[in-house]
Amino acid sequence: MEPWEEEGPEVVKRFMYVNRKAPYGTIYALECLEVVLIAAAFDQDVSVVFVDDGVYQLKKNQDTAAIGMKNFSNTYRALDDYDVEKIYVEQESLESRGLTAEDLIIPVEVLAGDNLREIMAQQDVVISS
Amino acid sequence: MEPWEEEGPEVVKRFMYVNRKAPYGTIYALECLEVVLIAAAFDQDVSVVFVDDGVYQLKKNQDTAAIGMKNFSNTYRALDDYDVEKIYVEQESLESRGLTAEDLIIPVEVLAGDNLREIMAQQDVVISS
Amino acid sequence: MKFGILVNEGPFTHQASDSAYQFAAAAIEKGHQVARVFFYNDGVYNSNKLSEPQTDDRNLVDLWAKLGKEHDIDLVVCIAAALRRGIKEEVLKDGFRISGLGQLVEAGIENDRLVVFGD
Amino acid sequence: MKFGILVNEGPFTHQASDSAYQFAAAAIEKGHQVARVFFYNDGVYNSNKLSEPQTDDRNLVDLWAKLGKEHDIDLVVCIAAALRRGIKEEVLKDGFRISGLGQLVEAGIENDRLVVFGD
Amino acid sequence: MSKMLHLINKSPTDRNSLDSCLRLAEAGSSVLLLEDGVYAALSKAASAEAVNQRMGELTFYVLGPDVSARGLDDKPLIDGISVVDYGGFVDLVVEHDVAQSWL
Amino acid sequence: MSKMLHLINKSPTDRNSLDSCLRLAEAGSSVLLLEDGVYAALSKAASAEAVNQRMGELTFYVLGPDVSARGLDDKPLIDGISVVDYGGFVDLVVEHDVAQSWL
């Protein structure tokens, strides 16, 4: 038996990355995005969720010049190039913040909490930051 | 003129240390206590306030053996030895957490928010952690 | 069962690293395997060998290193998070290694469970 | 006017150090004096000279050291907080000094204002 | 469907993580309160009503070592919450398919 | 009595610091929203009502650089909140006797 045969069939797991924090106030948004871009290189099922203040990460027109921090919001546009296509935003989180899908820097799937709940319950690995 | 005369009369400022965070989940409670013990050595007017989850810092009967962290709650008893006598706890914060003054490890002055508000407004330096 | 653990906060400031350590020790005690602990965000500070807590306090850097050595746990410090925070080979505690974020994804793929500890 | 500043968080993880830096720079720009910046809690990490952010990102360790040097700011790292977090002379950026908590109290006494930046 | 173990480590009076978890946790999953999350296990907590509302659908646990550390052994917990130690925490992770931390 | 400048750097939907400040800030003092605190300046924020209730007694400011960083320049702010830059932040600290950060 060859070594690779020992490994059996390739496992594909469902990975969900959950963002609940606003950008810039803390680094979690940026460092989660860095994980997702790496994760995209593995042949796994990747989804990214934005809920609560996490929805602020995707707000258009971020301009960080005056705070001296790096503006990483354009990097969300790279998710598509990396074939990360399951990007979910909770509708209630958007609405209660006075935002709509038009406010966001990338196209996303806006889901009611009840639907998001179902998708969350289908994951194999959930990474939050 | 001698050097010390240049300094004018000793300034006494009112310093208030504000604790709004629970113990152990984060280090802020412990590190604030370390500041207060040092501050007591300076001839200033020192007060310590516990509000919101900060009131949990003073809960009696803390036993950290099973979490492997240092139990620093007995150190609050040293405040009296250091002549830190203005220790204020907000009544509303206690009540909404189902606590009373009897639950606390040291005697404190329990104040209604309105009274605490006045005392806060009389400080020269407020240090929060 | 095989566990992966993600630690997102440094020692002392948040309880995350303490909880992760207690969890890992308990899992081993129960006969499970902790295959990898991945240190991300401020979690990279858990590998700083210069850390010197008060003598009556726990030393998480030592505790992780010892647990890792005794139970063959792969203690991985994220290179991207570590570089910006100034954690480099010269301060890295023996028993930890610095590597890429791919090691976190692998920990999720190869283990039965990944448990995240953070703020 | 003379300012003291307290920084309770490390670089990157929270915006506290960035805000404190921008505040200090603006105060100096307006002709005020920033007499001392005291680094406490995770704030001690702001003095780690090994910090190496990505090239297109700001380097707060360098920024603080430069501002301190140019405007004679006393950059004080708390020894108690630093020891447990592994910040010692061997990794201390030029321009910072390690000292006791009394320096924080003094900063409150001797300056017209003390402004706190944290989490 | 995966059986989820939700981990809450923040005080309900300081952060919104318990609220979000209670809103988004699927019926049949479990919630473990640990670290500062244990304050949500107190029957006098303002958040107790929200916990009770989902008590039938979700199974609640609280980490005993964190309860003791905070001096809460003499305070009544919400009826129906089970106390576990770190070994019990490990068992819960084993018995559920996925652990999700509400950070 | 000292004239206080209260600093709020946390999102009102994540933490309780704005609530506590609004409860304990003496009439006549000022509040500066900065960092993630700027989300509380949005007129659509759920916390806007609490801010408006004290609008007559307290003076509210928001840090413009933090508003722009978060892409909020196109969103309406609560009426009566003044936008300042870091220089304006410094001026506020000078004009008030004490700065209190609600951490």
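Should a chain be cited, it is by its letter among A, B, C, D, E and F, assigned in written order, with residues numbered from 1 in that chain.
One rule holds in what follows: contacts are C-beta pairs under 8 Å (C-beta built on N, C-alpha and C of every residue); 3 or more make two chains touch, one makes a residue touch a chain.
This structure is a prediction, so every number in the text was calculated from the model and none was measured.
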item	value
Most remote chain, CA-based centroid, reference being chain F	C
Same-residue or different-residue interface between chain C and chain D, half as cut-off	same
Most remote chain, CA-based centroid, reference being chain B	A
A-F against A-D, pair bridged by the larger set of C-beta contacts	A-F
Separation of chain A from chain C, taking each centre as the mean of its C-alpha atoms, in whole Å	24
Where chain B touches two or more other chains at once, by residue number	21, 24-28, 52, 67, 69, 124-126, 128-129
Residues of chain D touching at least two other chains	8, 12-13, 15, 19, 22, 41, 54, 57, 114, 116, 118-119
Residue numbers of chain E (touch at least two other chains)	9, 13-14, 16, 35-36, 65, 85-86, 98-99, 101, 103
Listing of all chain pairs that touch each other, if any do	A-C, A-D, A-E, A-F, B-C, B-D, B-E, B-F, C-D, C-E, D-F, E-F
Residues of chain E defined as touching chain A within the complex	1-2, 4, 16-17, 20, 23-26, 29, 97-103
Complex interface listing, chain E residues touching chain F	13-16
Chain B to chain C touching residues, read off their complex	24-27, 67-70
Chain D to chain B touching residues, read off their complex	6, 8, 40-41, 80-81, 100-102, 104-106, 108-109, 114, 116, 118
Contact set on chain F toward chain D in their complex	7, 9, 34-36, 65, 85-87, 89-91, 93-94, 98-99, 101, 103
